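Residue numbering begins at 1 within each chain, and the chains themselves are lettered A, B, C, D and E in the order written.
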Amino acid sequence: MNKKHNDEIENQMKLANESLPERERALFADERPSTVEAFNKYYEGFLNWARSRSLWMLAFGTGCGATELRPLMTSRYDMSRYGIAPRPTPRQASVFVIGGYASIKTIKRIVRSYEQMQGPKYVIALGSCTINGGMYFDSYNTINRLDYYIPVDVYIAGCMPRPEALIAGFNRLKEKIRAGECEGMNLYVEKFDWYKENQKQIIKDWNMPDYNW
Amino acid sequence: MISLYTLILGIALLLIGIYAMLTRKNLMKIVIGFSIADTGTHIIIVSLGYLRGKTAPVIDAAVSVSNAVREVVDPVPSALVLTAIVIGLAVTAVMLSFIVEMYKKNKSLSIDDYQELKW
Amino acid sequence: MVSPIYILILSLSVGFLLSIFDRAGRKFSLTAFYSVLTFNVALMGDWLYRLAVLHVPTFVINTAGFNAPVSINLELGVAEALVLFLANLTGLMAAVYLFDKFREGKVSSLILYLLLVMGVNGLVMTQDIFNMFVFLEILSISTFALTTLKKNLKTLSAGFKYMIAGGVASTFFLLGVVFVYYFAGTLNLGFMTADQFSGIGLIALFLLSVSLFIELKPFPANGWALDVYQSVDSGIVSVIAVVNSAAIGFAFYKIMPLLPSSFLTAFGMAGIVTFFFSNMMGLKQENAKRLLGYSSIGQMGLLLASLVFTIGIEPAVRYLIIGGLFLNHLLSKAGLFWIAGIVKEEKIRNWGVLRNNKPLLVLFGLFIFALSGLPPFAGFWAKWEFVKVLVDSKMFFVLGTVLVGSLFELIFLFRWFTMAVKENADELEPMASPGFSRIFPVSFFGILAAVVSFGAMRCFYGSNWLQVLPVIAVLFITLIDSLPSKVKGFISLAAVAGYGYYLYPLLTGNIQLFFGVIFIAGSAVNLISTLNRKNQSKGFYGFLLMMIFSFGNLLIASTYLEFFLSWEFMTLSSFLLILRGQNAQRASLMYMIFSTAGAYLIMVGFSFAPALSSTAALILSIQDVNLPLISFIVLAIGFMIKSGSVGVHIWLPEAHAEAESDVSPFISAILLKAGVFGLLLLGIAYVSNAPSFDVFYWVGWIGVITAIAGAFMASFQEDAKKLLAYSSMSQVGYIVAALAMITHLGWVSALYLAFNHMMFKSALFIAVAGIYYRTRTRKMYEMGGLISRMPWTYMTVLMSIIAVSGVPPLSGFGAKWLIYTAFITKGWYLQAGVLFFASGVSFLYLYRLIHTIFLGQLKYEHQEIKEAPAWFIIPQYIFLAGIMAISMFPNLIIKPLNAIAMHYFDSSIQIDGLTVMSELGYWNGNLVMYVTMAVFAIPFIMLLLLKGKTQKVKQFNIVYAAERPESPQTTHVAHNMYAHLRKSLGSLSLPRVQEFWNSVAEWSHTLGAFFRRVYTGNGQTYLLHIILYIVVMYAVMGGQ
Amino acid sequence: MSIWLKVLYAAISVSVATVYGLTLGGIVRKIYARVHGRFGPPVWQPFLDIIQTHSRRVAVSHGNMFLLGPVFRLAGGLGTYLFIPVIFGSALFSNFSMAGDLLLVMYFVFFGQLGMALGAGQGGHPYSPLGIARGLAQMSTFEVPFSLAVISVAIQYNSLNITSIVAAQQGSFLNWTLFTNPLAVVAAMISLLGMNMHSPFSIVLAPQEIPIGPPIEMNSSFLGILQTNRGLFAAAKLVLFMNLFFGGATNLLEMVAKTFFIYMFSVFVGAAYPRFRPEQSFRFFLKWPTIAGILSIIFIAYFGGTS
Amino acid sequence: MEQLIKKINGMIRLRAYKKQRESLHFFTVEEAQLEMILSHLKNYEGFTHLAFLQAVDFIEDGKFQLTYMLYNYETKMNIGVLTLIDREEAETASIHKLWAHAWQYQREIHEMYGIDFPGSPRVKESFVLEGWEEMPPMRRDFDTKEYSERTFYQRPGRSTNDPAEYMKEKLYRNYPQSPAIRRDDE
């Protein structure tokens, strides 16, 4: 009796993954993400300090702004002195830098990659395009506001922002992390249905599970 | 002691017969070659047993039982040759009957037409 | 006591009366006909009994009341009686076989048949050479006429060619008779002596003997005979091939005492040449009866050669060789010709139809095995003794030719057999069920062959029933073959256990006990996996038991012959087991060819060995034997073939892969160890009596190269079983290399590795068998992700590959530690370097095995797959327990192995508590295990504490460059996994050896095809061959 | 000596080695940065990275083998280190070297690699086996010169016991294998480049073509454990090389100094050379270093060497 | 080159031949003759390479203009073969049999302009838009701004300058009459 009840609850927790063909549903996890609360204040403070000193950035140049990330790595700007390092896989990265305009095709990949990052995870949105569409405000396939699709921690305005602006943005992010304000990971989970609705509204061929673990 | 001429004749016939068997394509001629060779063999046999100036080993009015040993040639080859002739005849007969059958089946007397079995 | 002359009289008189009987009805004539034939057999049987058992003196019949030489006399001794008994028996059986033909055909064929029989009897018994000619002609003419029993163009033309050849030969024979008479003055063999023919008189003997010899169809003057064999009715052919040849051969045997030794040598050589070439040409032959013709001619050549080359040896042995070969030829060839007549398919490729008739297939196999000289049939014993004779008389060229010729014969016979068992015959018309009159003679001869072989065995072994046990096992299982497979499995398991129990007290040496554990205990555990069989598995357990018992018998074999007998039983049974695999036709044939080649070498090697002085088991008594160098070399090669060393390994992967999946563990884990056992035997002999040339140095190198080559090739396999097979090859290479060191540590490591290999390779093969059972594929790239579906199997494979790779703490490391220490101590540094490389490469194939099957992406079709059945899991975990035990407590095995090796060398290791110390280093397996457990536990706990909220995800939840995977197939990295390695070092993995052997095969077939072009099919060409043959023989003999 | 004391010593030894190894990693990053003309991350950045990876609140696991992969890896590192006597004559740093000799150490290296390969394999990502295939193939080739060097050393000192190999090198620095058997050291040092997977042999971890190779799916604490192992394992390898070829160490300072310079060798080569393709690196290892190894064996075994 | 043009002109009546530069020529052909001309150019004149295929929407005329750009490796000549097809029933013959890679261009054109190429492989599959459901976006009657406002969430407070007006004021002050885009065959 009790077991049955548990099963029911568990089933409610599952994602429908309706857009996947029948035989592929077994190949994707269908669990719903859940929020993970922070530890107690002091321990979390220590961890946040470490997190802020070791920002691993997902090397995924989604738009033209990715060009501005390259100088950041060079000896002139040298992001490594802030503990920022590029990581080639979202599994290991903690910061997602959206490099400017995001087309519908790209936003699908952005969502996948963002969901595959292990929290706590942070998003820096680069350039005007991510804020309000920028010069692509009337394009038929470029989104206008990134924060309707994934939670954004820091916006860096400009078209394009210079590397200095990027460093400033990263510093801002660090401050926010240390202040414990970067809970985008939990925010995404809490407003999961809303985000999904927004995403699905523009991504028409949703051939992936509802949450990409 | 033995009759050299007949021996040479026999060997010659034998060789002629074998030559005929080896070179003639016609089945009949091959059988004829065989017969010649057979005959050559018989002559060789007889000539080996032949002693000059003696008579055939047949005990009749001419040769009495008592002096047969002195007067007749070695009787054994002659006896052998009789058997051999019979046997040769039989073989020839079987060969000819084969040829008849073969001709009935294949309408050919050339030995070259009977070589589908090989390798 | 009925005089044998009645055979002639009765045959002749009844023959003439038959046409009269026939008037009264075919029933009467047939009754008379068969009664005469039966009477002949009975009479000869009676005489044989009297002469052989009651030792009645040779019976002489003087015709016409005179004594020889005046009259013609007939003699009947043991030899004559034996030949005639068998000839008459075959004649009777052939007549039974021809019953339908005789009932419907003309009465003349009955008459001719009786005449033929009479000719045969007369030819054998007569002592008068002209009489011999007469009987020969009677025989020939009746045979000529009988060839057209089935009258068509082929038989007619073949018969005509036969007549030309026979006619010319008999012409020369007649000439010879007369010349002999001319020189000897008598026609009676009993009154001739060899010294009557000197100088030109030799021509007489030459003509006499060479024409008889031509009647025995020597190469190349034998085209006519082949045509006859191919075309004429099987019943008659069996008579021509067996009865006629026997009689003519016996006639030749009778005149042999007259011939000078130069003649005899030439005839013997001609016989060998015939044997060699006809078998080589047989390779290319596709027509069943013509193939049998080639084989017959070859066998006659061998028989003649054995007649010649055994002159002057002990009569008992001589009779054994000649009698064995003759009996073997007679029984199996007659049987095979009859089966060929029943099957009616001309192409051997179409003989799959034989599968409709299982008993006939069994008989067919029986005859093929007999003909190939496999035990327990008569040919085996004859061949063994013949080889010994040839070795003793230092006729190495003859020996080589005989063995190569035999191998050729075996190749085409077994190819035929595998075709009959495996070749697709679905499109062919199924074979009609043969009548009783046809099946009876075949069965009778089959049973007779079995009885004779059993008799031979008894005469060799008396009451040593253990050696016969493999055969008994087959017979027993055949009796209960209708039981369900599981019952038979349990019975077999019990049988193996009982055998082990019985064997245990006989294993007096430690080394025997050690291999006993590998062979018997290993087999018993492996046997559990066969219990999963669902279908009837007819015959399977019989062959399996045969193999297992042969393994055990190897251990206790106390003479070379016993060892070799068990070895051949093992080969035969494993061949039959491999052949059961679905596509195993090619693989099993290759296995058989290589094994037999190896067996021949072993046979030769043992023939060179001096006699044993002790009656203890060979493995124990061999140390007192001073083997000559040639024995070492030949035996080493022979055993290395069995253990799959590089160069002769190509049978190994095929056989392992194509055998049924529960047979493969036996082959890999246990059969290969038989080769190791053989090498160890050799090593023991080497320790006490080392030859001047360091054979084992090179064996060591071969082992090392085998290890690296096997590892490389395993890395590039796509087939799981082939991968494991090459891995076995590599591992056995290690063992061989370690054995070859001939040091204490080397042997300890070799035996350790052998034991270890037995366990992990059994476990791996059984695991793969379980996987195959579920997935129905062996291609690794078609699997993947099975860890979630088959976790138990995964565990086995994981543990086993750790044990293979030599990673501590499992037992594999012990082997590595021992072997490298041994190598460095021995001073084989570069070899050790190569082995290090091999061990590095082994990681490649091991990872490939486990990754492509268990890790990565699960395929759609395997989503619902189940764990392997328990019958597969149980033995795996028994082996796993063994691995864990000796990993945890290496002393369990090191100590006994130390004791074994100490028997031959001074110990080079000390065991201090749980630490094993060598000259160079030390190793404490127990402590390593504990440390490993501890260091494993620390990060594990650390991970559990720190890992946060962990979500278990599924196979497609991967980072795929921000995409989602398309399908499991395209996401799984498996096919050509080491492409980069292939790119850089792939030339090392090219199948060069395979190519070499392919070209050897190609060349022998091409040569066969080239030589058989002499048989143009033209009667005149055949005649020319005969004439030229006579000329050449004259030149050869005259020259001497 | 009581077993618990032994365990305590081992724990201290491991901690020192880990810290040392990680610091070494930080120093190397700093050096690289300076070569590039950058400021570079702080020396303690590896520690921060480890804390950061462990601080992830969530993780993704592909199954039990995936979970155990990093455990195997760190266990391999720990075990390898624990079977090496670190400091000659020191009870504190002798570890569990009584369990086995040099061969044990050589083979225990594979323990972690095999486990990691299995764990990564269960990740299901195609790049993992790709990287592992490259790594294993490269390993099998660089093991050849290394094993030849080890054989050469074993012949030279007639022992496989690391402690006695070190003992034989004591006295003067001229007793070091580096000077008594230079060819073996050449072979071994080149294979060290492969072991460390610095360029020119870094294709296994190729960060761009196949994103960081085998551990692509590793995340959070799994990655953290791998990073810990990276420090420890580097230290273990260096200590082994130091013991075999550079006279070992009699105190901690000497150990640090020697291993630092051994490490610098591969760092400098790595900083200076571009990368080999896999097949090039396989062929390379089987060519010059192997020849050097064979020559060293010939030199030692057949010409007596110098010792 | 002139000879070639003459030759082709002899085969069919060329409309609106234009020589852009020495190595780049354009001419317009009837839709029905397009395939024939293209295969002639490919097989006999050495224009073996299809550089690209693109479309222009002339909404005023109710036509789509397709440009097949061919290249001759030997003479290093470019020829643009233009053709006009009806905008309402936008459909023309597929040339994937002439150049296998043309299917990809045709698929893109189908997605962007809604021009159908019957028989072209996978032509109906989405190319870059991944599940587009509206009017093909490159058609000039598709109101992209309206679509964007309808679909994407606008962030309030954004001020926009009309690019045309803004540019006119800033840059084109000297050119009050910006040149209209004209087709060559007009």
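Operating definition for what follows: contacts are C-beta pairs under 8 Å (C-beta built on N, C-alpha and C of every residue); 3 or more make two chains touch, one makes a residue touch a chain.
No experiment lies behind these values; they were computed from the predicted model shown.
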Fill in: Co-neighbours of chain E and chain C - touch as defined
A
Item to complete: Could you tell me which chains are in contact with chain B and with chain C alike?
Response: none
Worksheet entry | A-C against A-E, pair bridged by the larger set of C-beta contacts | A-E
Worksheet item: Per-chain C-alpha centres versus the global one: which chain is nearest?
Response: C
Worksheet entry | Centroid comparison with chain E (C-alpha atoms), farthest chain | B
Item to complete: Measure off the straight-line distance from the CA centroid of chain C to the CA centroid of chain D, and report it in whole Å.
Response: 53
Worksheet item: Could you state the distance in Å from the CA-based centre of chain A to that of chain B?
Response: 113
Fill in: Rounded Å distance, chain A centre to chain D centre (Cα mean)
36
Discussion item. I'd like the Å distance between the centres of chain D and chain E, where a centre is the mean of that chain's Cα atoms.
Written reply: 61
Worksheet item: Of all residues in chain C, which are in touch with two or more distinct other chains?
Response: 948-949, 951-953, 955-957, 959
Discussion item. What's the complete list of touching chain pairs for this entry?
Written reply: A-C, A-D, A-E, B-C, C-D
Item to complete: Could you pull out which chain C residues touch chain B in their complex?
Response: 130, 133-134, 137, 140-141, 144-145, 148, 151-154, 156-161, 163-164, 167-168, 170-171, 174-175, 177-179, 181-182, 187, 223, 226-227, 230-231, 284-285, 1012-1013, 1015-1020, 1023-1024, 1027
Worksheet item: For chain C, which residues count as touching chain D in their complex?
Response: 785, 787-788, 798, 801-802, 805-808, 813, 816-817, 820-821, 824, 827, 829-830, 832-833, 836-837, 839-841, 843-844, 847-848, 850-851, 854-857, 915, 919-924, 927-928, 931-932, 935-936, 938-940, 942-943, 946-953, 955-960, 971-974, 977-978, 980-981, 983-985
Item to complete: Quick one: which bits of chain A touch chain C in the complex? Just the residue numbers, please.
Response: 23-24, 26-29, 31, 34, 36, 60, 89-91, 109-110, 112-113, 116, 207-209, 212-213
Discussion item. Show me the residue ranges of chain E that touch chain A in the complex, using the header's touch definition.
Written reply: 126, 128-134, 137, 142, 144-145, 147-149, 151-155, 157-158, 160
Worksheet, complete the sentence: Seen from chain A, its contact residues with chain D in the complex are 36, 38, 47, 50-51, 53-54, 56, 74-75, 78, 80-81, 83, 85, 87-89, 91-92, 94, 116, 118-120, 185, 213
